[in-house]
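Below you'll find the structure, written out as structure tokens, and then a few comments.
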């Protein structure tokens, strides 16, 4: 086991919405290639934190240090440019267009003719078909508009499109909430695979089993504050649940988990 | 144990969307006071079936027999009038109004002055506050518009508002997908409680543990057909998963589960 | 951080910003424009707000419920022309008289409301039953409605409404003519309906998420039909008021009010996306437009520039409203 | 159940229903209206579709991206008046001449496009930077734009455009004047952009779910600005074409085209909610309206009834389109 | 000298006659000592009603009204007069109530003059008064154009061999007129003459004729109101006759009688010389009314500076009538 460098450090992040203090000083670190499970009760502030990291929301206070430099992402486009990919809890699909268009949203494959970029529908369709099949999801036609798809089919598009783009940090906000058993299994495997490539992952989930299956470390948020930060191997599901509901006292902060020497399962 | 009467029988229900056959002849029964878990892969047709029962979608073929009479619900209002309450997978909230207005959507408390029905905001707010608290959910203010709530907070509103109205059959389409650990626990308890009152429940979930915790019987749908219909006590999670993914052969159809003599947990 | 008390005060101002802007604008005009500051002018502002104000009620209800109605202007003209033809004494008017004389008030009002309701019902039929797009259905009604006015009147006007009706334009209460009071009372009544009754609540819900409302058992189609009919009948009321003020009707009566009504509705805080808005805000929007028009009338600037200035002022008024966002952000 | 082949055929018809309706309507008129069936009339239909057709391009792009633009009609008039004043020989025209003479073509076109682009940029500034409601911003521009036409021209007309420009209205290719070809080529070009380039794709995405598009890293604000400027410039092009056809400009040039353009866009299948539509459909909508207007011009009915009939025909045409839903349902 | 302010309520500024009227009235009223403020109603009746109300609150010396709609302003006219403010009607006659003074060309008469000229033109072309005439109205809801139509068609009744086809341009919009002409040229290739109800419509009509390959004179063209663009078209040979509305004289008459009207003195019927035109003042049921004859402008007299379309505002100041 080797100690990891931090990829992203959050330092006292706060966020108010009018009179509501959604985040009240969040401080923790995410190591390179580390999988961090972000846990907490409904309304604890998890999604708000994700949106702040991914450039969709400005913090009211605090600092983000990314790859050693203080950053402030003014838009998701900037965060993306810095290598941060995000799967949002409230799905971010355009239901008015088809699966392929959603899969390549904002990153369409083009070929230039006379300097004009032309969409390469065939290539995009093939890539989409492969990714969806790998994820274990069946979608009747990739050319149907997303509005006609089931909840799990939609989530599969959203979850799998980011894999295409690599990046350095992946934020997953309840990515399996609507997925079937098999799709969830493959999703968890995928997370291990990309972590093994050195990409860091933050995953939010309410299912302890999922968190324990992939996470190196667990960060629990309670009413806008960090209520626990422990290595997976040092804790149990029951203890984590008690941290979430506020029955346990806050344990000391855990350092970035060390890299496992074994590859993904 | 006593054998139950069927409340609802589905007989060869089919549903096409253009060329897609989402349901290809669904036949099973739901007994009075029985909790049936409706399981299946993403895109199997579960939500489509729920929408057909709740009057939101017309079947392409097949019959529904409810309380011994063949019925055809032309709209959710008709199904509601017959005592069928539904929690949809894609949340059915109006994000432009506050929590209270959503909670009482379509069933506002009114008092008449000179024959004019006037909304009773106080009474509605009190009732909402109680229900949300009972569910274990914290919502900063019941007067905020739902668009400002977290995913779990929204689902809590949706899940808990139906309890208010009793009814005879409750359809729950992945009602815990966004709920926290404690909220899910209370939700499962609530299901047992209402089943004990003789209300039938159909619950869709991808989490086997949840299904096994509350269901009397499991119905598995695979590619629009019933791939399994077993009593909970006669099966295991592994077997059910194999039915879902199509690795198991279809076992014989199970009769309506017998009523447990014990009350809710 | 701001104290909760102060925050509440600021929120109140922001929620009613159109009213505050209205007061500010009127104050500025009173200082800057000679003769602006007098009871007579304020009464004029309110009087001129009558028709757009009335039209705005029905339009707001429909927009809040997530629909559009472009036909209201023509419906208003049609109602005005129908009662003009029936009851006006000269021009194309037939000069029907009733005994006792005052009977013309309820009868003409009923006719005006009925004409509007019929057009509204027609629109509703196409939109709800035949599932046609409301924009195009009501655009067609905007065209054929005005066409019907021209066809009925032969392009000519009707004049001289009976004295029993003219009273509403001439008599004043607190300096303001009765027709304006009719519009104010109607606004208040529907503001109440929107805020305090299930009907109003359901309109908001339908406008916010029609699928959710439908699933919750709200009879969306029925409510939509009612609202279209209401919007038509209210436009009929506007026509009745306009015919009384004009003491008759002309073929191009009210041309251009549609845009003004939309402007007032939007300035008043109704979202064209549906599900958001209150009628008191809309009435402030109407008064704001009317005070701008009045200021232009009094400023005595070269006529060639009035339209230019009107456009700029509308923009400026809405710009103020936009500051809301910035302030709200600062508050956080 | 329907066979897949047949289903595909039916789907094709449904997807292009406006075109089929257009053909049906023209066929009916050809039988019913004397003199309708001749090349010259069809050429006229296409010629008359030029201005609304051009305006509809920009409006469609904006609506697909989820915005509104009410200013286009006034922008068109403004561009027409500006080049009228600069290059027309009489009336308020200054009669500027360039050597060589043909230079007036690119120069006047550039001026017209620039005028439109500037108004578009102004709209974009208010909408994107100041976060003002697009409806109200462009409504204000509709008012001040026309006001500027009146102010610049003093309400007078310009007349006699240089021969080098008039050529576009007089010379014909396949019986259709060049100005109409300009509009057709522009439609095809933007139809291609919308369907085949990332820019067009992104407009659809923004119109469907701006939050999702933003989160996916699409520069929503930048694209919105570009689209407003495009819509303005295209309206400028329409003004250039209109000035050429009219051989000058009058202060009320193009009044009423805004509504027609909206109607064509909606008939052509663009959803006012954003995110849905294609330009070829819109062009069919424009031709449909133009054939109806032409039929009315030829029918020789009393002038008083033309508007009534126009409204009814628009309704009928859209009604046909609505059958789509029923057929689709039957297919399932 | 400063005798106070007069408000001129102009119906629209979207055509040349109206814009011309603003400068003419401001000039002539200035000659006799009044300051003029103009309000534009943008063709909206209700806006003009509001303007009347506002102006009444300002208590001016007098109001000059060119009504958006001929009769819709009756209540406001009565209110103004009740408040002691005299009201003069310009260009658009209001007969349903009493005004203090009315100065008009006579719209029905314009139609009649046009009919006379068209009779002549058809005879010259076809040897007899026969043929096809396309009449383009301004708007089917505008009484101004309907009155011209009335005068024109009444006189043309005498000639059964003349077919009249009538279409409205809608909102006086030029390109609508152009489309009508283009379509009708195909439906009725034998059209002899086009009669449009305003000169700015003639511009678009000519553009359509030209696009159809016609040369000046192939299809005759007659228009009314005598705006500058119309005179240009006559010079170029596209147009044969413009029936002038004597804008200058109409405006000057207002100024000549302004003192008397403001002073509430009696106006005497009779003949008056207004800028060289013979105006007839009569006392009608709607009050004193001066009618100024509109002349036919043809190639022969097109350059006469007395036509307002030549835009030579008379230099000599008008003087109040004694």
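Every chain is named by a letter (A, B, C, D and E) in the order it is written, and numbering of its residues begins at 1.
Methods note: a contact is a pair of C-beta atoms (placed from the backbone, for glycine too) under 8 Å apart; a residue touches a chain by one contact, two chains touch by 3 or more.
According to UniProt, the chain labels map to these proteins: A, B = D-xylose transport system ATP-binding protein; C, D = Autoinducer 2 import system permease protein LsrD.
Computed from a predicted model, the values in this text were never measured in an experiment.
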> Counting only C-alpha atoms to place each centre, which chain is farthest from subunit D?
Replying inline: B
>> For the interfaces B-C and D-E, which has the higher count of C-beta pairs in contact?
In response: D-E
>> Can you compute the centre-to-centre distance for subunit A and subunit D, using the mean CA position of each chain? Integer Å is fine.
In response: 45
>> Centroid from C-alpha atoms only, then distance subunit B to subunit D, rounded to Å. What do you get?
In response: 50
> In angstrom, rounded to a whole number, how far apart do the mean CA points of subunit C and subunit E lie?
Replying inline: 34
> Quick one: subunit A and subunit B, Cα centre-to-centre, how many Å?
Replying inline: 29
> Which subunit B residues sit where two or more other chains touch them?
Replying inline: 17
>> Two-or-more-chain contact residues of subunit E, please, as numbers and ranges.
In response: 13, 19, 140
> Of all residues in subunit C, which are in touch with two or more distinct other chains?
Replying inline: 146, 150, 154-155, 304, 306-307
> Of all residues in subunit D, which touch subunit E in the complex?
Replying inline: 34-35, 38, 40-41, 44, 47-48, 51, 90-91, 150, 154-157, 159-160, 166, 169-170, 177, 242, 245-248, 250-256, 293-294, 297-298, 300, 302-304, 306-307
> Which subunit D residues qualify as touching subunit C in the complex?
Replying inline: 68, 70, 126, 130-133, 135-137, 139-148, 150-151, 154-155, 259, 262-263, 266-267, 272, 304-312, 314-315, 318-319, 322, 325
>> With touch defined as at the start, can you tell me which subunit C residues reach subunit B in the complex?
In response: 196-198, 201-202, 204-205, 207-209, 211-219, 275-276
> In the complex formed with subunit A, which residues of subunit B make contact?
Replying inline: 17, 20, 40-43, 47, 89-90, 137-141, 148-153, 155-156, 174, 177-184, 206-208, 223, 241, 244-245
>> For a test of understanding, state which residues of subunit A touch subunit D in their complex under the given definition.
In response: 54, 56, 75-77, 80-81, 86, 88, 91-97, 101, 105-108, 110, 116-119
